Amino acid sequence: MASETYTPRELMVSAAAAEIEDGDTAFVGMRLPLIAFQLAVSTHAPDSMAVYESGVVRDGPADGFIHTMCDLPNLNHAVSTTGMLDIMSRLQRGDVDVGFLGGAEVDRYGNLNTTRVRAGDEEIRLPGSGGACDIACMAGRTVLLMPHEPRRFVEEVNYVTSPGHSADGSGRGNHPAPGGGPDALVTSKATFGFADGELFLRSVHPGVDREAMLADFPWAVRTAPEIGEGPVTTTPEPTDEELELIRTFDPDGFWT
Amino acid sequence: MASETYTPRELMVSAAAAEIEDGDTAFVGMRLPLIAFQLAVSTHAPDSMAVYESGVVRDGPADGFIHTMCDLPNLNHAVSTTGMLDIMSRLQRGDVDVGFLGGAEVDRYGNLNTTRVRAGDEEIRLPGSGGACDIACMAGRTVLLMPHEPRRFVEEVNYVTSPGHSADGSGRGNHPAPGGGPDALVTSKATFGFADGELFLRSVHPGVDREAMLADFPWAVRTAPEIGEGPVTTTPEPTDEELELIRTFDPDGFWT
Amino acid sequence: MSAEPAETLSDAVSRIPSGSSVATGLALEHAIPFAAGHELARQGTDDLTLIGPISDLLFDQLIGCGAVSRVRAAWVGNVSAGTGYRFREAVESDGIDVENHSNFSVALALRAGALGVPYLPTRSLLGSDVFAESDLFERGTDPFDGEEVALVPAIEPDWAIVHAQRASPEGDVHLWGNTGIVDPAVGAAENVLVTAEEVVEPAVIHSDPSRTAITREQVSAVVECPWGAHPSPVAGHYNRDNEYYLAYHGATDTQAAFDEWADEWVYGVEDREEYMERVDADLSITEPTVAAEVRYGQ
Amino acid sequence: MSAEPAETLSDAVSRIPSGSSVATGLALEHAIPFAAGHELARQGTDDLTLIGPISDLLFDQLIGCGAVSRVRAAWVGNVSAGTGYRFREAVESDGIDVENHSNFSVALALRAGALGVPYLPTRSLLGSDVFAESDLFERGTDPFDGEEVALVPAIEPDWAIVHAQRASPEGDVHLWGNTGIVDPAVGAAENVLVTAEEVVEPAVIHSDPSRTAITREQVSAVVECPWGAHPSPVAGHYNRDNEYYLAYHGATDTQAAFDEWADEWVYGVEDREEYMERVDADLSITEPTVAAEVRYGQ
C-alpha cells in the first residue's frame, strides 16, 4: 500500500533502491545512495552488498544515521574496512554490478559532468570526479541520480567527468572500459532508461505533468523500443515499509 | 676475545652479520641469514630492521629457534606482519639497504644460479629463484653466502637466476634495476668483495690455506685496487659474545 | 631510520617547509588530520601542493588560509554540504593550479610511487575529460592482448600526513577502520608525519603486528594529538561532527567570512587543546564494539 | 554471491575439477593448506596447474601423487632441507612443465589479475634468465621517462586455496600473521576455497572489519578444518613441525619411497582427524600473545 505523503527525495531513494537487484554488489558514494542501499538490503535485496571507495564493505544497514560513507555507524559491524585500492580492484576486474552517480549535467548518452559548468559567461567550479569517473568507466551498470532541473539536461556536457554511451550508438565504443555504462537516470520527476545508449523515459513520478517535465530537455526524449516509442509507466510510490525504513535511516530528513 | 672452537658456519654467520650496518633495512631469506640478522641486531646494529618476503618486519631477534621466516617465533612480537607486495614495494622503491642471497653457482661478476646446474651430461633441477632474482635486481647491495666448493665457482653460470655486475665493467649496466648489485661473497673459507663489478679476495678465514682456497676458482682471483692487487686480511673470528648469541638463536646447531 | 618523536604538534609540523607537496585526507572522510593542517596554516607554511582523493574540507580551509598554490585531487568540497567556497573561488579566480584526478587515478599514482615503478596501467579514465584534458596521463597498448589502457605516472609527495589511533614513539602505527589511500601514499611519500590519538609503548604495537599499517622507517615525525581529526570521525574514538561541517559551509562563502572563521578556529587558538575547548558537541562513542580476540605466540 | 558452506573437506575439494589451475601455498611457509592438498590427491584430481611463490613441500607432494601437469612458481622444494625430490625428478624427466618465476613476478601477475589490468610493470627480472628464457614477460619502455621495465602479464587462477584462522559460514575471513600473496591471489582467482581452523558466527567477523582479509563474494567454499595446515605453522594456533619436513625429505628420494610415504600420510587416512592421530609432536602455543584491544562502535 502506498503512503500518501512523502518527499520527492524519498521517492528518489525508493526508485534508486529498486535498481539494486538481490545479490548485487553496489558501489555506493555520497548522499541519497547511502540511504538507497540501506533500503534495498533491508527489503528486496537482502543478499546485496555495498562497497564504498573509502574501503568499507557492508552487508546490512548502519545502525544509526550516516552523513558520509565514513561515519562510524557505517564502519561499525561492517564486513570489511580496508582501503580504496581493494575496492577499486573489485570495480576494475568487473566484480561491481551497479554503481551510483550524481551529476550537475547529463546529456542524451548519459555523459555526466561534476567538474565545471557554464553559467552565462562564467565557469563555475564544482568539486570534481571523486570516484565517479572510475565508476562510470567500470561498473557493470550505473544509475544516475539528480534533481530535475532544466539546466542539468544538456545537448553536450561542459566536461565529461563520467563517460556514458557513445553518441553513434556504438554503446560503450567510446572507451575500452569494462563497464556497461548508464542504465537508469532517476530524477525528482521521472525515471529514465537507456536504449542503444540513448536516454529514454521509463516512468513518470506520481503527480508529475509529463509534457512539462519533458520540456526540460533540449531534445525530444524518446520512450524506447530502440529508440522510438514504448510504454511509459508511473513510478511506484514508496511503500509504508519503505518510508518507515527511510525515516529510520535518515530520521531528521537530512538527505531526504 | 676470540673463541677457540666454532664451526665454519658459525664463522659465516658472524661474517655475514658484519655486513649489516646499523640503521640498515636488511632483506632476509632462508638459512644462515635468518641467524645473521638476529646476531647483527643484537650486537653492532641495534637499529637495523629485517624484512622477509613472507611479509614479516622485525626489529629484534626471535625469542626461539626459527627454521623459516614464517616460524611463529619470527611472527610473534614482530613490528609488522603483512604481505609480500608490501615488502617487495620497499625493495623496488629502493628502501632495502642490503639483501642476502645463496647460490649453487657464482661467477666472477656475482651472477648467481639457483635454478639448474649441469653435472656432466645431466642437468640437475634446483628449487629456483624464490625472491633471489628480485633481491639481486633491486637491493641497495647484496651479500652472497655459499659453502666453499670448487664446483660452485664457474666462468659462466648455467642460468642467471640473480643478476650480478656486467662483465664489461659497466657495473650494473646489464639491467636497469635500481639495486647496487653484489657487494660481498662469504664462503666457508673466505670473504670476497666486488671492485668494478669483479669479485676480489677481501679476507681469508682463520686457518685456511689461501693458495689452495684460491685454486678452487677457474680464474685468477684479484685482491682489488680496482682490480689488481690489494691488502688481504684474516677474517675476524666470532667473539665469545657472538658465539653465545648464535648458539642461543640456533641451540641445536640446525643451521650452524 | 626511526621517526624522531616530536614534543609538540608545532614541532612536528615545523619540519614541513613551504613549497612542499603534501598528501593528506587519505582515508577520505575518516580520520582527516585537521589539527596538523591548521598548524600548517598557523605557521604560515605556504606554496603547498596538496595531493589527495576526495578532500572533505581540509583542502578548502588551507586554500582559504592562502597556504596552497596547487591541488592534485579528485574532489574538493564539503561532503555534508557540497561546495567548498574557498576552493571554488580560488579556481575561478585562477588563484591555484588544479590537476583533475579521479579517486582511482590518485590512488594508482601514489601506488606507483609506493611500488617504485614509473607508472601503472588502468582501464579507467579513457573516454573522460579527466583523461582528455590532462597532460598527466598517457595512452598505452597492452603488449599481450592489444588492449588499450591509460597509464598513470607515479606521484611521490614530499610529505604524507596521516592521523591514526595509536603509534609507538619510533613511528610504528596501528590504524583501523577504513584507510582509503593511506597505504599507497605513505609508501610513495619521502616523509610521513603521523598524528595519533595515543602514543603507546612499542609492546602494544608488537602485540598485534598484523594491525601495523605503517612502520617506522617510513615515518619522519610522530606526535600525540588527541582529537586531531575533529570534525572528522576516528573509529573507536569519536564520531563525525556534522554540525561543524554545516556551520563551516554557512560561514565561509566569502573570503572575509572565511577569514573570520579562521580567526576563531585556526589563528585564534594556540593548540588543539584550546581548539577542542571551543567545540560544543558530544561525539563520544556510546556503543563500543570490542574486536574479537586475536592471539599470536609461539 | 556468498560461499556455499561445505559439510566436509571432501565436499569442498570435490568442487575443484581436474585440469584446474590452482594457486596455493600463498602465505609462503605459513598456513599452507596441506589438508586440502592431500584431499585433492585422494580424490584423484589431476592435470593441475599449480601456481605459487615459494612452495614448501605441498607442490612436491602433489607432484609425487601424479596430480600436476604444470607448475608456475618461483621456488619448489623443502625449506628445512632444500631439494624437493618429486619436483626435481619430474622436471628432469620432463614429467611436468615449469614456468620459472621470481617471487615478485608471481605476486605481480596475480596482482594484475586482482586489479583487473592486463599487466603490471616492474624494475625486477631484467638481466636475469628468469626474464630472458621466459616466453611470459615482455620488455617495455616507460613513456614518461623512457626507463626500461619488464611487463608481467596477469595470471587468473581457476582456484585459490587459502588456510585461515577463522571464517564465517558465508565466507568472510579473518587472517593474521604474514600473508605472503594471499591477497592478490584471492583477488585474481575465479574461485576461492577457504579452510579455516574455526568457522565462527558472522558477528565475530563483524566485530573487527579491518581484520577481514577475504570477503564472501570472492569465496566459493568454506570448511572448518582444524590443523589444516600441519606441518606448517598457523599464528595463534600451532607451531611448525620441522621434524615432519625432515622426515619427508629423508623418505621421498625415490618415487617408490614417496609412494610408501603417501600411502601412510595421504591415501592411508580418511580425513584430517585420522591424519592428526598419526602426528606425534607437541606443536602447541605455550606463550600466547594477546593482541592489544581494538574498539569500533558509534
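Note that the chains take the letters A, B, C and D in the order they are written out, and that residue 1 is the start of every chain.
In this text, a residue touches a chain if its C-beta (ideal position, glycine included) is under 8 Å from a C-beta of that chain, and two chains touch if they have at least 3 such contacts.
Model, not experiment: these values are computed from the prediction.
Any chain touching subunit A that also touches subunit B appears here: C, D. Distance between Cα centroids is largest for the pairing of subunit A with B. Looking at B-C and A-C, the interface holding more C-beta pairs in contact is that of A-C. Centre-to-centre spacing of subunit B and subunit C amounts to 40 Å, using the average Cα coordinate of each chain.
Put simply, the C-alpha centre of subunit B and that of subunit D have 28 angstrom between them.
If each chain is reduced to the centroid of its CA atoms, subunit C and subunit D end up 36 Å from each other. Subunit C has residues 116-117, 122-123, 147, 149, 176-177, 179, 205, 207, 210, 235, 239, 285, 287, 289, 296-298 in contact with two or more other chains.
Across the assembly, subunit A contributes residues 56, 63, 71-72, 75-77, 81-82, 85, 91-92, 138, 178 that each touch 2 or more other chains. In terms of which chains touch, the assembly is arranged in some other way, matching none of the line, ring, star or all-to-all patterns.
Touching pairs of chains, sorted by label, consist of A-C, A-D, B-C, B-D, C-D.
If you check the complex, the residues on subunit C that touch subunit D are 116-123, 138, 140, 142-145, 147, 149, 151, 153, 165, 174-177, 179, 200, 204-205, 207-208, 210-211, 235-236, 239, 285-298. Of all residues in subunit A, only 23, 25, 47, 49, 56-57, 59, 63-64, 71-73, 75-82, 85, 89-95, 138, 178 touch subunit D in the complex they form. For subunit C in complex with subunit B, the residues that touch the partner chain are 1-2, 113-117, 172, 187, 203, 205-207, 209-210, 212, 215-218, 296-298. Subunit C contributes residues 27-30, 53-54, 56, 73-77, 79-80, 82-84, 87-88, 91-92, 100-105, 107-108, 111, 122-130, 132-133, 147-149, 176-184, 232-233, 235, 239-240, 242, 245, 285, 287, 289 to its touches with subunit A in the complex. The touching residues of subunit A, counted against subunit C in their complex, run 30, 52-56, 63, 67-72, 75-77, 81-85, 88, 91-92, 115, 122-134, 136-138, 159-163, 174-178, 254.
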